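Look at the two complexes coming up: chain A is in both, with chain B in one and chain C in the other.
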Partner chain A sequence: MHLMRRVAGALMLGALAGTAHAADPGITDKEIKIGEVLPLTGPVSFAGEAHYLGTKVALAEANATGGVAGRKVVAVTEDDGYVPARAFQAAQKLLAEGVFAVTGTSGTSHLNAMMPLFIEQKVLTIVSINPAEQAYNPVKKNIFVIGTDYGNALYAVVKYAVEKLGKKDARFGVIYQDDDFGANNLLGYQRAVKDFGLKNVLEIPYKRGQKDFSAEMLRVQNENVGFIASGGIIAENVAIFKEAKKLGLKDLRVGTVWTAHLPIVQQLSGEAGDGYYTADYMADLSDADAAPFVEVAKKYLSADEMKKVNRYTMASYSGASILIQSMRACEKDLTRDCVIGQLESGKKFSVNGATAPFGFSPSKHFSDSPVRVLQNDFKNARFVRVPE
Partner chain B sequence: MNYFFALLGSGLAVGAIYGLVAIGFAIIYRATRVINFALGEMMMLNAYIAHTIGVHTALGFWGLVPVVIVVSVLLGLVIEFVLIRPMIGEPTISIVMMTVGLAVFIRSLVVLVWGAAPLEFSASPGDIVLSLGPVRLYLAQAIAIGLLLAIMAGFAVFYRYTRSGIAMRAAANDETVALLMGIDVRRIYALAWVLAASTAGLAGLLISTIYELGPDMSAFGLRGFPATILGGLDAVGGSAAGGFIIGILENLGEGYVGRGLKEIIGFVIILVVLMIRPFGLFGTRNVERV
Partner chain C sequence: MRAGHFKQSYLELVALTDSGAVKAWTAMLLVGCMALPWVASSYVLALATTILITAIGVVGLNLLTGVCGLISLGHAGFLAIGAYTAAVLAVDYAVPIIPGIICGGLLAAALSLLVGIPSLRLKGLYLAITTLAFTIIVTHSILNLDWLTRGSAGLSLPAADLLGISLAGKVSFYYFSLAACVLFVAAAMNVMRSRIGRAFVAIRDHDIAAEMMGINLVAYKLMAFALSAFFTGAAGALAAYQVRYINVDSFAVLVSIEALAMIIVGGLGSIAGAILGTIFMSLLPEFTRWLFDALGSGLTETFSTRALEVRGLIYGVVIMTVLRVQPDGLIGLWRDAKRLWSNWPFRY
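After this line comes the complex of A and B, so read on.
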């Protein structure tokens, strides 16, 4: 009778263990599957491709040192072409396949399309490509966001202009995109104007996709603006730099958010962009802090892949890296709940210098990483961290 | 006043690009009564091909101008021969829809071959800035203005004094009568597509030089359409003038009013013109006897 009870007990325990595994998809005895939805094609494919490489580095690094409890970590990547509807379909596909976590979440509107699905199915999600406020405010139990607000970045460059460039008495202006991204930039700029008591003389909105900024920059010249906060993405920033050069605005300083912390902006703007300021929570590849990351990346990426590495690679590396660190801490109880517990334990995660160490808490799933101000050094094709 | 003239000058530069594209719309419409909604994409494809040739041959801006014209001629001929000619006699709306399909095809092709990220177009005429009083323009912008004026003059001569130009006008007036007079209307159609592709190709080269090369430049090219509506769908010179007018109004609107007015002013003009003068400022009024 005792034997029968023991056998039944063992069977029940086994069944329970099986249930625990069944409740958290993507885990087998040999591997852990994570998913990514990225814009590998479309207008921001440079970000999607770079992000893909960051995850690749983090996984290769982890697997080379035993994976997670002997399991290999593999990624399934879906391309959404930067179309929200396709992002939703891709997320459905990933969840149908069964992934333990999602570390690639495409753009803001794409994340917004996928988020209800991730919340409903309690998928552990780490947002590292685009720190959208909707993902962390209010806190969602299974979603964690690495980065900071665009507004904080623009605030940082304006603060730098005031405190280090002697622009306190200058006339300030902002050029911003008329969407959520631009509104975020505008809020950061307006907060800086208020905090530092600046002369705000221009607030210029523009439509997404605008190419010509000649009239806008003539307004900047006409208003004798000394510092312009540019909320452009890529082509918009390039056009603004070129117009400033054309108009001979030598005393004008331009500050941007991290969308301009990219080699593509540096190359397209050429000498016209030399010296612009950008703020980012990710280090520049040339920064001494990022040297450990660069070393790891070179180990696992080909020379051609290294050419595509940029800040988005570091961002995704950070996301995948903290997921792996947390999964390893949950070795014996590898469930989403345990990993979430690890992530929100308050522990500071270090990610090889890609960004400053950061952590989360149960009430804050947003790293709110500190921003560094960088200056474009066109001649040496790098961004130099300015003295703080 | 300096501010006004500076806005005027930069408006002329933007308007010149619109005008070059607008001419393409007008040439095709005048000859075939078809609005080619793939013109922006043809412009883009041309620019990408020029970029590739420029990268592999180290040709500069001026070296690429004849290349663009040759590529445009070939592109125009292929499109006309393969897609348009078989559709002669079909309802105009079918041909217009075909151009919409062609636009989607070219956009996808460009992304497939060259990728979606913007590319640096190194074959620039130089970063030289020209100053004329308060007006400051990059050399490429000044070239755009000069080129549009030269093309306007060229087309005025072409339509008035050349056999092909007169034949084109005849075919536009009455296709059947033109056929009876021995005019090869198919050749006229092909010529219209070739000329439109060439002006659009030059616009593409200039846009790539002044701004950058990317798949979204086709949308910039499409902004020439309001210029054609303003100038007159069948008025080649009028469309070019429409480009200048829209460029100037956009810049003055942004310079004095702002709030993103420049992005919508072209389309506001379309609405107003269609209500008051549907045939455009310089277009031909169609009178139907009933």
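After this line comes the complex of A and C, so read on.
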């Protein structure tokens, strides 16, 4: 019995000692492991794959220049199939494997499922795929979000329509999804209507998953709307563009948020979508600002992989890149606390032009990146930044 | 050695088993399950919890499809009803976990009558399409009843506790799920050994003949739907407590198809088959990942974003191979192994 107690005591002491000196998970003498949960299969796999490639570029770039304090940075990627329950399971797997940080957090509902785990286990998390408000408001010590509010993006396109397209006296309308995403869009639109004194004639909510927008666009036609703010995602935007063309609404201008800043929307819309406006905090690949990023991406990705690169690649590159920059600044004390300290130090991080330089502070873990308005140039398969 | 199954009373007929060996093996399995938290990593434990919860729903589907012969693609809907019932009760009314699970199961069972009634006239693919429509109606209703379900934003559940013990931890929730799984599996086994289960089998084999024997088709078909939906609804409620966040994305039609695949791969009509199918299909993605890793880290690098597609192909090929080699499913494989063991060195 005494022997048992001694053994148990020794084991407990050993465990305590181990805890006191243990480094954060995911760090060994040779490598630093980071994790990602991405929708690599399922309806938005184009976003997950693009995100995966962005992290791959950032890590290859870092490892080619010595890694972090001589350690190679490696990523463990889990697929959630865009199902929240699977995202939760994948997050548990990452935590069991031991990751220093997480840079891929799938969609909003998926992040909602995973976030309690990340908070509970104090995992440094950089949200770059989807700037969900729940992740930064209120501030969570270990979670940082790159991006801006959807409302800001829609505000920017309406502002552009007023100031540059001469639509001040036009009749305005908005089509928005009846959820948090849509509510955010609506707020941005309503703010613009108020700020610029616009004639708001239509506010049409639609149910998530809606595919047919013929009734909505007929109302747009009947109300003689000159500019419609579209709060669609992928298929919704495509349907809106096609319906506008079908109805012959030549004078109608459409503005969207960054969900339409994607080759897939451009391709599916075809000529019907030519000229639509979209606002994004990420640069377009054809933009001169993004040239350094494109150069790095071409260096580390195959031609086949380059075809899958889009704004989500730039977003994830930004997230992984600032993590690496912060880890490098903590070479002597490579702990999550130190890296968090670096991230919220207020210094501006530059990410090869993928997005404008940004930073965080202890009271603001949200980059609130500036938005730029882009126009779809269907013929040349690119989005052109409009003069501000 | 056992030489037959001679029974002298109805009580003996409905008993779950009279074999000492089966009892001993079952006890060992339970001890193994109880010991798992001591040896498994947190991820393995989470995976095991998911398997236990999935098994409850799949055993429920097996009662309807495997035992009673009524195909359902509506079980994602029952799962959603159970999950949302438990979540709404927990969030808005602070209802504890066990009443939440029971209410989830009961509401799913009540609503199953909506699809159960058409089943009286429909069979096969026609019934499958009707039940598929049910799932679509459920998911659309969840999206539209914002005041109750919070629409597409979903619901975050508080951590549950049971008699003052927090179920927020992985180990405690694993034990809770294990207890629930054992309870539901025992209930399903009892149902199958009873008059109700035998009536289900009779309906599956030939419903007109069953009716001629005095089985009330209306009552038993509806009972099969209600029982199956109760199991699935309870599994949904448990799943909601496990993830502690639900939204409509978790209840796509694919979930119903996966559940059907589990009972087919495991072996239709058998509870052990349903459980084996659940374990097999849940671990198969892990196996394909392990295979990829075992073949060298360069492989993932080479395939890049196509790695998941290749793993998906392997997943499909393994399922096809299993069904080609053993059309009776994994339980058929198990029965063959048992027969070989009992008869060796003779073939028969």
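As a convention for this text, the second predicted complex is superposed on the first by the 366 of 388 C-alpha atoms of A that agree within 3 Å, B and C clash if a C-alpha of one lies under 4 Å from a C-alpha of the other, contacts with A are read in each partner's own complex, and residues count from 1 in each chain.
In this section, a contact is a pair of C-beta atoms (placed from the backbone, for glycine too) under 8 Å apart; a residue touches a chain by one contact, two chains touch by 3 or more.
Small disclaimer: the values here were computed from a predicted structure and weren't measured.
Undergrad: Looking at the superposed three-chain arrangement on chain A, would you call chain B and chain C a clash or a fit?
TA: clash
Undergrad: By the touch definition at the top of the document, which applies to A:Ala215: first (chain B), second (chain C), both, or neither?
TA: first
Undergrad: Quick check on the superposed pair: does A:Ser302 touch chain B, chain C, both, or neither? Answer first, second, both or neither.
TA: second
Undergrad: Going by the contact rule set out at the top, does A:Asp179 touch chain B (first), chain C (second), both, or neither?
TA: In the superposition, A:Asp179 contacts chain C only.
Undergrad: Between chain B (first) and chain C (second), which, if any, makes contact with A:Gln92: first, second, both or neither?
TA: So A:Gln92 only meets chain C here.
Undergrad: Kindly classify A:Leu187 by the partners it touches after superposition: chain B alone (first), chain C alone (second), both, or neither?
TA: The answer is neither, since A:Leu187 touches no partner chain.
Undergrad: Check whether A:Val384 is in contact with chain B, with chain C, with both or with neither, and answer first, second, both or neither.
TA: neither
Undergrad: So in the superposed three-chain picture, is A:Ala235 touching just chain B, just chain C, both, or none of them (first/second/both/neither)?
TA: first
Undergrad: In the superposed arrangement, which partner chain does A:Val83 touch: chain B (first), chain C (second), both, or neither?
TA: second
Undergrad: Considering only the touch criterion stated at the top, classify A:Pro116 as touching first (chain B), second (chain C), both, or neither.
TA: In the superposed model, A:Pro116 contacts chain C only, not chain B.
Undergrad: Can you pull the chain A residues that chain B and chain C both touch?
TA: Touching chain B in the first complex and chain C in the second, residues 41, 178, 207, 209 of chain A appear in both lists.
Undergrad: Per the contact definition, I'd like the list of chain A residues that touch chain B in the complex.
TA: Chain A reaches chain B through residues 41-46, 178, 204-207, 209-212, 214-216, 218-219, 221-222, 234-235, 238-239, 242, 245-248, 264, 267-268, 270-272.
Undergrad: Which bits of chain A are touching chain C when the two form their complex?
TA: 40-41, 49, 52-53, 56, 79, 82-85, 88-89, 92-93, 95-97, 107, 109-110, 112-113, 116, 177-180, 207-209, 302, 304-305, 308
Undergrad: In the complex, go through chain C and note every residue touching chain A.
TA: Listed in rising order, the residues are 41-44, 46-47, 50, 140, 143-144, 146, 151-154, 156, 239, 242-247, 249-250, 252, 304-305, 308, 312.
Undergrad: Which residues of chain B touch chain A in their complex?
TA: Answer in residue numbers: 3, 6-7, 10-11, 13-14, 111, 115-118, 120, 127, 129, 136-138, 207, 211-212, 214-217, 219-220, 250-255, 258-260, 262-263.
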